[in-house]
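One chain, chain A, appears in both complexes that follow, with chain B as partner in the first and chain C in the second.
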Partner chain A sequence: MGRRGRNIVILPFLAPAVILYTVFFIYPALRAFYISLTDWSGYGAAKFVGLKNFAELFRDKDFYGALRHNIYLLIFGGIVTLSLAFLFAVLLWQGRIRGAGFFRTLLFSPSVVAPVAIAVTWTFVFSPRIGLLNGLLRSTGLGNLARPWLGDLKLVLSLLMIVGIWSAVGYYMVLFLAGLQRLPQDLYDAAKVDGAGPVATFFTITLPLMRDVLVTLIGLYTIGSFRTFDLIWIMTGGGPANASETLATYMYRTALGVVRFSSVQRIGYGTAVAVILFLIVFVATILSQRLGGRQEVEY
Partner chain B sequence: MFNGKSHRFLTRRDFLKASLLATAGMALAACTPKVVKETVVVEKEKVVEKVVTEAPAPKGKTVIKFMQGFQPGENEYPFFEWARTEYNARQQAVEVTHMDSPRTDMMTVFQTMSARGDPPDLLIAGPINSAMARSGVLRSLDEFVDTPINYGKDPNTAWFKVYNQALIEMQKVDGKHYGVPCEGAYTFVIYYNQDFFEKHKTTPPKTWTELIKVADVYKAAGIAPFTLAGVWPYYMHWWFFTLAQRTAGTDALVAAMFKDKATSWNQPDFLLAAQEIQKLRDGKYFVDGFQGMDHIASHMEFLSSRAAMDFVGTWFPGEMGGSIPADFKYASFSFPAYEGGKGDPTFAQLWANNIYNTSTKYIPEAIDYLKWWSSDIVQDQQAEMLGTVSARAGAKCPPVQTGACDQVANAKGVAGYEFDIYGFDNKLESAYQKAAVEFFFGTTDAKGYVEGLDAAKQAYFKAKEG
Partner chain C sequence: MTTLENTKGVYVASHRPGGILLTLLGRLVAYLPLILWSATNIFLLGWLLLNALKTNQQIFANPWALPKDGPHWENFARAWQVGKFGYFVFNSVYITAVSVTLTVLISAMAAYVLGRFEFRLNRPIYYYLLSGLMVPYQLLLVPLVLQFTAMKLYDTPIGLILVYITMPIPFTVFFLAAFFGSLPTELEEAAALDGCSEFGIFWRIMFPLASPGLITMGVYNALWAFNEYILSLVLIESSQYRTLPLGVAYLNSAMQFTADWSLLFAGLIMLIVATLSFYALMSGRIQSGLTVGALKG
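Let's look at the complex of A and B:
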């Protein structure tokens, strides 16, 4: 079958998906760019204001605060999540741990729980009066360490990051495991014959061969980190005093005015935040692919 | 899988033809004008149906769709069902149906339905939103406000005359009426634990000094005088604003809040209010750990008898209804006056949850249902079932709301200034809340707080004006 013939075969299979994707994803996404250039409360006609929303956004301290929090979550959350996930994956892959299947399931289990349920559960854990954490501290004589965790302006973002790490490690671990399982055993056998220890083997064989997986997961983590919304919104609503505000919560709060249903909605302004968020994720993804994804892995 | 036999029935060529035909059909369906309309409508209705469930419409009757924001299982829902069922039982030609959309999604659903030209006939949407009114999605009620109410003990009374007139006036947009305040009048009051007050022989205070004396009694008894939500900062900044109204007066407060860009927060009367709040903060009058509590956790401190008083809006009985222990006795009193303060102590931040008549085709029917809701029959039942303070003068007052009812009835001045009609928008409110959190959490002192409010206000205007 020639190229043209192949296209004729492929097109009808692709067409329904392409049409649906165009109508329900690409068009709304392009439309969002237009809405970001308008002043619109959600009612009546949107008023075109050009780049006014973006100009206001770049003067907006809350926006920069939210962006800083996103970067903090991305860098520190990313390093810890991916390091732990890789570590657990290697330990489980090497088969040196008894009950590896059990631990794999245990670590992965938070990934199958709805983020809303995770958020509610951890909110109770951190509750100042009836929370598990303060209860534990008080019952072990460490009551002086008890505090209103989610109300602590300096701690709240880190606590949310810890919950995020707890819920994401298992997911990334499974992806690392999948990558590890395709590595050829003969290289390890050769390294063993050459007298390489576990650390040298890890840094000279495992890590270089896993580079493509690592880069892909860094890209995935970047996208996921910037999109994080539900966990933060339910646990703190971006507060207190914007101490845990991220671009996603800021976008939602601004666009949909969710404080009360009578609130003034600034959908154009909120969509401008969404456009910036999209551009950041887009650039970050391209960069991560460019920096690490080009080199083919050769065995 | 394809054996020789099945090949005879469906060859690859046949399969491709069928696929092409199906794709062409879809493309045609998307291009043909008549079908486009049907397809789009069906798709949109499907989207809406995920969020909204409508009761089946009986044949031969005019069906009024009422989007009301409460769902089965919520404390408020049975009352809405009662009002609807009672009304329907009295009608021959009209049937009211509920659209049980969640409050959080309701306005988005409403916007979608309005955009496609098929909004619900009635909408309950909280205090009036001028952006909504000015957009044309709401119908002015001006021509109906003086017509008879038709229901209840005073059927010939002009419809809007039954309501608190100050509230009615306050909610006009560009001089026109758009909403009917029949879902309650709301204001801030302080609820107190009656058992505590009886046991410790304290009485509802009238002045700030008396309030502190009462609070000291509970502090001495090892009970937190006040509960407070730190994660939900709304109540923190209203503690200050309410006291600031008492110390500085309403006009000064409104000017400082948003009305006059040049009016500073950094003036003696506001500083005084902040210093009084700082005394409460530093004296640990608020429940321990409030910084980490949301509003529900905070209210539960009060309902679990771990705090003696709760400063909250009069929606409290309706909001917490299912969580209030049967043997928990509570009542409310007005926010106290400040001795020597410039503010009218009868002043109340008062607003109403409205039922709007949206751009309905069935105007007389929709108006009739709004009148039914305004009747003493429905208003008294609402007070009974939900503990709501009615915006209707002389309506039944729930026992737990006596302080609130007095406040609403006696308020000489009211203001809805926290809502957009007066220009206090989300962005500014959010900035003020941030300053309040820093103050109540102890990061700043009273002076720093009023300066922080000033900085927030100036930054808001600067960003707005570009």
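Let's look at the complex of A and C:
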């Protein structure tokens, strides 16, 4: 590796990536922290207000509502998504099912479709007038159950959660499968010789060995769940009456909203929400890397 | 592979009287959730396509009915012209193609240096580039709008391309640096002895050697850029610059006024079929490409 003059490529090869990344990523990211310390509607000059935006956030009912919705989506959506994904992965594992490749390809397919498209498709399913769900209810004599689903204050968040689960299960299933395929097969042979049943095998071998994978995927789900914007913004816009607002939609509405830079926008305040969102994602990333890397199980 | 049946409870069962029945039951229990879940996927796409081939009156009459007087393909022509989907498809394709080519090239150059050269600033620069992995785009939205307005990049395809080149850099560099680092040194040393220039070594030897990794990142970033929504929503305003997801989203939000659902469905089908046909061609590569790096090892 000690060729002379080899190092002349270092600077020209690094420069494009470092410059673009600094100008369009790091600079705006750092600037966001400053903007979150100002009060600005988009007109005139921004006023520096220190931590006032953050102080206000801690008294803001809508902010807490959005955070609560995030936590609801994270916990219940996470449990259902990861359990189903794990179940499907175990079913498709070790080639014990015919057509495993077909199922795998089909179940993963929502992951390649634009979230925008998934959101519009499910808007169609839940639509009051032309929706598939109401159409089904009406044609089976259950017409009295038909309703504007996404307009229902009590149901809307759970419906969004179901769409989120539907779109994410295949992705996590493929990740679980990748983890399962790395497990040593001889342990399973030994367990069989010992006469261990399928349930015992799962709990004594598969689950402990998959611990790190599980922790990593919980971390991944947490980050993805807090970042989710497209699905919610397109299906409900955070409504009705903030019933499906999350930090991502609240941030967007407050800072950029429907009419950009009109006097109703609170750019500094909305950016403060984005800073909180960043901190949550940051902590989740660090935690999942710390916890997911540990090797506890020895055989 | 003899243990396989065991995990399902079938292997044990088949040795007892009535085992065949239990075997069938076990199979059913294993297949049922998979079949049901897969069926929703096919079902949704099918009914979407079906409704894209009906008139608005037919959709309103019954979303479950088949198009009685034959498929109304003219919905697609209408979306293409009246709905401006011709623009959207063109914008999406060229913005994705340009930005993916450049982001993979630029990231590969940086990753080559970071993965194979020893110099004092190597690790600091590497971690500097990687730090972006922890940043949700929401943090960048407001500053980018301000910056783009000041730089006259707001509401321009060039601006969107620049962002689409920049955002994937952290992950692409992370992935490709490991890839370049794992390549053997013999070829590159032989080329140097033959008098190949340092730039030539990268272009003619390392770049082709890394092509599996470059293709994986190309696929990953292409799907991301093609499907991206929030950045384009914030940075693009004029309707002629909209990408496919943006066009579909705007059309969807106009439904309460226009109720032109057949137009929306035709556009939606274009957006979905574009990536699904890509997926059908190379599903294995896309599955591993989209999940790459999520798990260590």
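In this text, the second predicted complex is superposed on the first by the 253 of 299 C-alpha atoms of A that agree within 3 Å, B and C clash if a C-alpha of one lies under 4 Å from a C-alpha of the other, contacts with A are read in each partner's own complex, and residues count from 1 in each chain.
Criterion: contacts are C-beta pairs under 8 Å (C-beta built on N, C-alpha and C of every residue); 3 or more make two chains touch, one makes a residue touch a chain.
Since the model is a prediction, treat every value here as computed from it, not as a measurement.
Residue contacts after overlaying the shared chain place A:Ile10 against chain C, while chain B stays out of touching range. When the two complexes are overlaid on their common chain A, residue A:Phe226 makes contact with chain C while staying clear of chain B. Look at A:Lys52: by the touch rule set out above, it reaches chain B but stays clear of chain C. Within the superposed three-chain model, A:Leu256 lies in touch with chain B and with chain C [touch as defined at top].
Of the two partner chains, chain B is the only one touched by A:Tyr43; chain C is not.
In the superposition on chain A, no contact is made by A:Arg211 with either chain B or chain C.
In the superposition on chain A, contact is made by A:Ala178 with chain C only, not with chain B. Looking at the shared chain after the overlay, A:Arg129 reaches both chain B and chain C.
In the superposed model, C is the one of chain B and chain C that contacts more residues of chain A. Within chain A, the residues touching chain B in one complex and chain C in the other are 8-9, 13, 16, 123, 129, 256, 260. Interface residues of chain C facing chain A in the complex, by the touch rule stated above, are 1-9, 12, 30-31, 33-34, 37-38, 40-42, 44, 47-48, 51, 59-60, 62-64, 106-107, 109-110, 112-114, 117-119, 125, 128-129, 131-147, 162-163, 165-167, 169-170, 173, 185, 189, 192, 198-199, 202, 223, 226-227, 229-230, 234, 244-246, 248-249, 252-253, 261, 264-265, 268, 271-272, 275-276, 278-279, 283, 286-287, 290-291, 294-297. Partner chain B is touched in their complex by these residues of chain A: 8-9, 11-13, 15-16, 19, 41-44, 52, 55-56, 59-62, 123, 126-129, 134, 147-153, 236-237, 239-242, 253-254, 256-266. The part of chain A that touches chain C in the complex is made up of residues 1, 3, 5-10, 13-14, 16-18, 20-21, 23-29, 31-32, 35, 84, 87-88, 90-92, 94-97, 103-117, 119-121, 123-125, 129-132, 135-136, 139, 166, 169, 171, 174-175, 178-179, 182, 188-189, 191-192, 197-199, 201-202, 213, 216-217, 220, 226-227, 229-230, 233-234, 247-248, 251-252, 255-256, 260, 267, 270-271, 273-275, 277-278, 281-282, 285, 292-293. Residues of chain B touching chain A in their complex: 16, 19-20, 22-23, 26-27, 30, 69, 103-104, 106-108, 111, 114, 125-129, 131-132, 134-137, 230-234, 288-294, 297, 301, 306, 419-420, 425-427, 429-431, 433-435, 437-438, 441, 443, 459, 462-464, 466.
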